[in-house]
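Two complexes come next, and they have one chain in common, chain A, joined by chain B in the first and chain C in the second.
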Partner chain A sequence: MKHSIWQDGIKIGLIGGGVGVLLSLIGMVEAFSQRHIISNVISMGHTLLLVIALLVGYMAAKRASQTQPLRVLANGLISGLMVGGLLALLVMVGNLVRLRAVFINASPVLYKLLTFDYGIGSGIFLLLCAGTFSGVLSGLFYLSPALARRVLLTSLSSVVMAGVLQDLLRPTFALWGPLAIINEWLFAANGLTIQGAVSLFILMALIIYFWAKRGSAVKTGFRGLPPTKQRALRTTGLLFLIIVLLILPQVLGLFLSEVLTIVGLFVLLGLGLNIVVGYAGLLDLGYVAFFAIGAYTIALLTSPELGFFGFSFWSALPFAIIVGIIFGVLLGIPVLKMRGDYLAIATLGFGEIIRILVLSDFLRPWLGGAQGVGKIPKAAIGSIEFAGPQQIYYLILAGCFLVGFISWRLRDSRLGRAWMAVREDEDVAQAMGINLVAAKLLAFATGAAFSALSGAIFASKLGSVYPHSFNVMISINILCLIIVGGMGSIPGVLVGAIALVGLPELLREFADYRLLVYGAALVAMMLFRPAGLWPEAVHRRELQEEESVGTETESLSGPEPGKQEGV
Partner chain B sequence: MLEVENIHAYYGHIHALKEVSLTVEKGEIVTLIGANGAGKSTTLKTISGLLRPRKGSIRLDGEDLIRYAPHEIVVKGIVQVPEGRRIFGRLTVMENLEMGAFSCPDRRLNSANLERVFNLFPRLEERRNQVGGTLSGGEQQMLATGRALMANPRVLLMDEPSMGLAPVLVDSIFDTIRQLHASGTTILLVEQNARMALQVATRGYVLQTGTVVLSDTAENLRRNEMVRQAYLGES
Partner chain C sequence: MIPGSTRMVFLPDPRPMPSNFFSTVKTIYEATLEDGFSMWKRMKERMTPTDIVMWLIGGGMLALIIWGSTATLIAGRYTAHHWFDFMVFGLAQGSIYALIAMGYTMVYGILRMINFAHSEVFMSGPYTAYFVAAFFYSSGFLDQQPIISLLAIFLVSMSVSTLIAVLLERIAYRPLRNAPRLVPLITAIGASFFLQYTFRGLYGSGFQAYPVVKILEGEWAFWDFRILKFQAVVIVAAALLMAALYTFIQRTRVGKAIRAVSEDKEASSLMGIDIDRMIVTTFVIGGMAAGAAGVLYALMFKQVHFSMGFIPGIKAFTAAVLGGIGNIPGAMLGGIFLGLVESVGPSLFLDGLGIVAPYQLKDAIAFTMLVLVLIFRPTGILGEKLAVKKA
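Up next, the complex of A and B:
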């Protein structure tokens, strides 16, 4: 470690500054600044740059040990300065050269944003100061005790999240009379009010602080209760959760219920692919095919437009699932001997075959070709019709519960063990007496059944099916969500679906940058949490907590290179 | 007990086994020795059903095994300790052992087997909750052997158990094999370390380019001129 003091700060700062400049030039900062986090104080665009400066400052500060506070602060300061400096450089260059010829977003508006509306001279000075200041703040943050860090981080990020998701929160509060007061206190026309932000910050800080102080006491208190009481408490918690889930669409209103249904469909898909990829380790990139098969089976059996059968949704549903299973097995047989990359390519091909088949003129009389199939009836029980998102939500919720329950039972079953062995090492699994053919085909079939169920609900939800709804991006999306959530983990699927499907739906106005953020998030995930947001290992650790605390948990939570094989 | 008669096996067009015959009697340790590529591992693969012979027969207590799939052969009682150990690196020791008992649904038998494995390898009991991948090479070999024992084998096929281990661990592996032998386990042992293998084995077969060139008791093989020169490195 004989390199100069400045090196770390400069290097990391340059990277951060580069990212800042890039995000500015592609217009992300400008687009984000439309929305204010705190009304008239800070916009989302500025927050984005601030977060970069803070993050970079923190990373630079981390390069030094906490015992050398000066060095920490210096590292933070330099890197922050670098971020500010590069952005300042962008403003200066932009004023001399017409960058707009190449970068359409390098507009005067952007420069105004970057200089905080103070003109070139003082603006650049302010920019440098802001960068330096955030760098130093990060340094101080790094030096502060762990509890303070946790409190600060959580409260600040909840303020930011409240600002980002204001469109979600505001209408929710507005629905209930008494809660409208919160709305007025918290939100201005655009963004949080100052007093709202401050009170939210304080509230969150207090909650985190007390949880940190008392949380373990509460937990041990819970463990100390007699088992019957523990179970009663758990059941109450579960009941409460179910009630919340049941009234959710009424509380959230139409748009958010729609988002929920989309998330729910992806949860169904994710749980299915989780069996194939997460449990059995078979990398399937053509998974959307089964989604399409489920949707088209419903269309074929129910739509009066095609006029073949005219089944109701419920009588067509079992057929959709059975057809899905049949195709799952049909795909499984030819790829039984394939592994890893080869399997991925072969399944990718299968997905495309199905999409092109439904698109083809050849099958047009049956499947509608490029025009798709319309007039698919809604599902109904008695006189209740699952028409709008607020009703379909319940259908999907029921599906998720069912599929989640099956997944959970399967994981701990004999079949689940067989899948686990196949995932870890096919040859040895066979040598342990596991029927490889059966295990793989069952994985494909189960995954396909879940996916077909999701497709069936999707068809009845939209009332029509089109080939272009089933492109390869859906498969990739599902795969990403189970990787981000945590391979093989059931709650991970939910978390992944919310993060990768729900959030982008809520932030539609920034849809241009969706893929960029998506990609960046995936890279960051693989670097920092390769096991996923809610890894399965946590569960395993919990189960064995009494027996072992030491070595095993460490090696499970650490980044394991082997964890990513087959991805 | 295990009779392999005139098997011919192919990898594509390559004629890997040419008329290999061997027998293993109950309670014996039989070793297959030979150079790299002589067909030792191929023979094991054929016995455990991973490779189908084109000709010949493999019988366990008179029952023809060739028509069975690999997982059924495990149930019949032929269990392999794979080459290079191949333990489940991300699973704990306990989970690895449970996986070994997959073919054997009898719980009481399983717990008896588990006790036996832990008696044989106290080290594994100490590390029962450790992740397999973090074990040392010697411990991994213990785990691979223990895992195979959990399947309640009638014939244990061991493929190069000493491969890649330090000399002191090699000794302990062979001690284990002796212990297994003493407790009545029937073993077919494939080894490059012919010297050690011939010390523990009752009988041996010498394979050369896919054919058995020599078969005798281990003692006679140790004295055999050709074996001494080619496999024991003596002149």
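Up next, the complex of A and C:
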């Protein structure tokens, strides 16, 4: 048995170290080191590597039982050492060979970062020490009681989150007089201050501690209330949420409002695809086509550059949606009989065909070719023009509410249930008397309508449309956000859009690695949490049933999602 | 009939006995007429409006193609030399598609999933081998020993692609082998983007120009026709590789085992075949073919890029579907057919329709063909029962 400990530690450590080296070589560590989590103490790049070492140590430690503390610590130590060792190896090799000829990110800056700016000899020693130390820390973490683990994990991750989201928090605090003091206490010019980080940590620890002690009492207290009061509380909560949403752009300023509008557009798109993929189970990879159709219909009808019609935004909007629906049905008919992967590829083909057609010189007189169409007028009600992001936001918010409401009502309707039956098993659904053709076409049409609406707003927001804005990446993006959020779940779309669209917009360093992270997120979600971050009720039930079969659930990845779905 | 039940035996034949030759003929004739009529009726009943719409679309397409082709041929804008060049180019491109399609079709045959990330397997090899090629070029070795350097480039490319394919199988697909159908597909899409952007991070986001191999420059003349050397080399190399792979699958024990696993997993595991190993072998073969195809592609288009895999990947998938997915000779045929249609098509039928710059639409032709095949003949040209079972 003795050497199985070694094997576990070494194997996991090597995998982790490999991931660390990969992240360094693709430039993530260097790019992230621009941003400090705690000012002048630790940067985001270092945090990334630290998290890997801690995670690896924890996973290695988990291989041993908690009753054998020595073994746990040994596992953690070895794996941490391996992570440090591989990174040290990278530095050594990098100093001997000019790796940069092949790997463009293997720069001296990276080596400096990895050796903590202490030169090769002592730097490598430090690196090994740091790896070993974090491995042992993970071992200790694993040995500590459950409550301590929870408190530690949550408060540490909230400190990291505060550091990561400093660009969001700082301007928000700065706008409000009394909160400016908090700002000064928490943030330095670059990252959290030390006292800020410590006080945030303590605050969060206290909150989590008391919630863990008293939280269940609060929950049962809420459940114990009479239904009318529960309802009233929920309604108040909802009203409060709506008010917050309404004043949000005024509070957040121009840049963050712009981020919000982008998130909002993706929520619209996500809600549409959620109907097609989440409800009806039709994997559509050409979804961006309808977005393009909506945008181009608006362009065609309103733009004076083409000079066909000269409609206003509002009179063109219904046409955009109708054209979207027509195309949804038209492209839906041929793929009615396909399932699963064939459907995915065929729809991908449709998406590309539409993009290529729009891009071609052949349709240039009508659609503008590669130069696109410009001078699309803004939407306006009376004298209020939806020009800047702070105004467009309301347009998008209204769209989101409308579409969210429709999908929420559709979910439990006869049609919604028919969709879900089709998703679970087409043949059985048909045998139960569901008209497959109608159900599928309605799903495509509804999804297309939402997408066309989003495209219409997008066109008027940008004032111009280009074929390059409608490539397959958008489809993947939307698919990714509904999968991360949880297929078929409406709040999941929101969570997914904030996590996958909002966060990368806030983190400029992230831009280059966005699709990389999306890809990794898709794989990781499918491997560890196929139902998403905020699963739909049906899926959650299924998962709970399956847990008894013995699938390993990962709760490491983040805090447990919401308690009750459906407000 | 159920064994042991004798009920039927004593029942008289309900059909009237024919008394003479003419009445026999008449009965058969009437029966056939009735059969034909009822068949027609049945067809009419089973024909849904969507079917009619689809057949109309298909008919319309066919009419357009015929009309366009006739118009082009009558106008006579292209000479025989042009057509010959198009064909050779199409053949070269098609044989690359065919090599990539092998990977798709074999993985589909054995795992019943589309390995969406296969296009990245295809990209990773030549992109890595680019650095070897560039090194050989700058040190002058490429010009001194072109054959050896080309072999080394192929070797590097094939091993990197194989490595990526095996890692992909091990990390992303193996844990999901019994998951619902949509799950591995989504994983594959995720893996595809992850790999694409990992290589972008590793090697940079620019286009890298593949070094020119001097012995492949120039052209060979056959009577009146001339072939660019590298196109001929691509065609020959791809044909040799395909022949080798096909022999491997058909003639060796391992190949037989792979075919057995794709036929029936449980049964072959009962016969003592290690399924995991066969699946890995499949990925290895697919990776090798893709790596080789990648170098050929890089030699032909003289550049590599992190997103170079996407379009050829989709087209190779189209080729695999065209030939009947799961069917290896089908994938080869499908690839070559697609290559030819893509290079001849724009000038043949789009030009005749009066479309400006028809060559811009060559990708649209491939995608339209993909969709049409999926609609009208999902079993492909050499369709097998496999696709029927699945559909």
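Methods note: the second predicted complex is superposed on the first by the 532 of 567 C-alpha atoms of A that agree within 3 Å, B and C clash if a C-alpha of one lies under 4 Å from a C-alpha of the other, contacts with A are read in each partner's own complex, and residues count from 1 in each chain.
Going forward, a residue touches a chain if its C-beta (ideal position, glycine included) is under 8 Å from a C-beta of that chain, and two chains touch if they have at least 3 such contacts.
Keep in mind that what you see is a predicted model, and the values were worked out from it rather than measured.
Enquirer: Using the superposition on chain A described above, determine whether A:420 touches chain B (first), chain C (second), both, or neither.
Expert: In the superposed model, A:420 contacts chain B only, not chain C.
Enquirer: Quick check for you: in the superposed arrangement, does A:156 touch first (chain B), second (chain C), both or neither?
Expert: A:156 contacts neither chain B nor chain C.
Enquirer: According to the stated criteria, A:436 is in contact with first (chain B), second (chain C), both, or neither; which is it?
Expert: first
Enquirer: Determine, under the contact definition given at the top, whether A:140 touches first (chain B), second (chain C), both, or neither.
Expert: In the superposition, A:140 touches no partner, neither chain B nor chain C.
Enquirer: Just chain B (first), just chain C (second), both, or neither: which does A:104 touch?
Expert: second
Enquirer: Which partner reaches more residues of chain A, chain B or chain C?
Expert: Looking at chain A, the partner in contact with more of its residues is C.
Enquirer: Could you tell me if A:359 is touching chain B, chain C, both of them or neither one (first, second, both, neither)?
Expert: After superposing on A, A:359 lies in contact with chain C but is clear of chain B.
Enquirer: Touching chain B in one complex and chain C in the other: list those residues of chain A.
Expert: 437
Enquirer: Okay, in this complex, where on chain A does chain C touch?
Expert: On the chain A side, the touching residues are 22, 25-28, 101-105, 281, 283, 285, 333-342, 344-346, 348-350, 352-353, 356-357, 359-362, 364, 437, 472, 476, 479-480, 483, 512-513, 515-516, 518-523, 525-527, 530.
Enquirer: Within the complex, which stretch of chain A touches chain B?
Expert: 414, 417-418, 420-421, 424-425, 427-428, 430-437, 544, 547-548, 551-552, 555-556, 560, 562-563
Enquirer: For the complex, which residues does chain B have touching chain A?
Expert: 48, 50, 69-71, 74-75, 79-80, 82, 86-92, 98-100, 102-104, 128-131, 133-134, 147, 151
Enquirer: So in the complex, the part of chain C that touches chain A is made up of which residues?
Expert: Going through chain C, the ones touching chain A are 48, 50, 53-54, 57, 113-114, 131, 171-172, 175-176, 179, 181-187, 189-198, 200-204, 310, 314, 317-318, 321, 355-358, 360-361, 363-364, 367-368, 370-371, 374-375, 378, 391.
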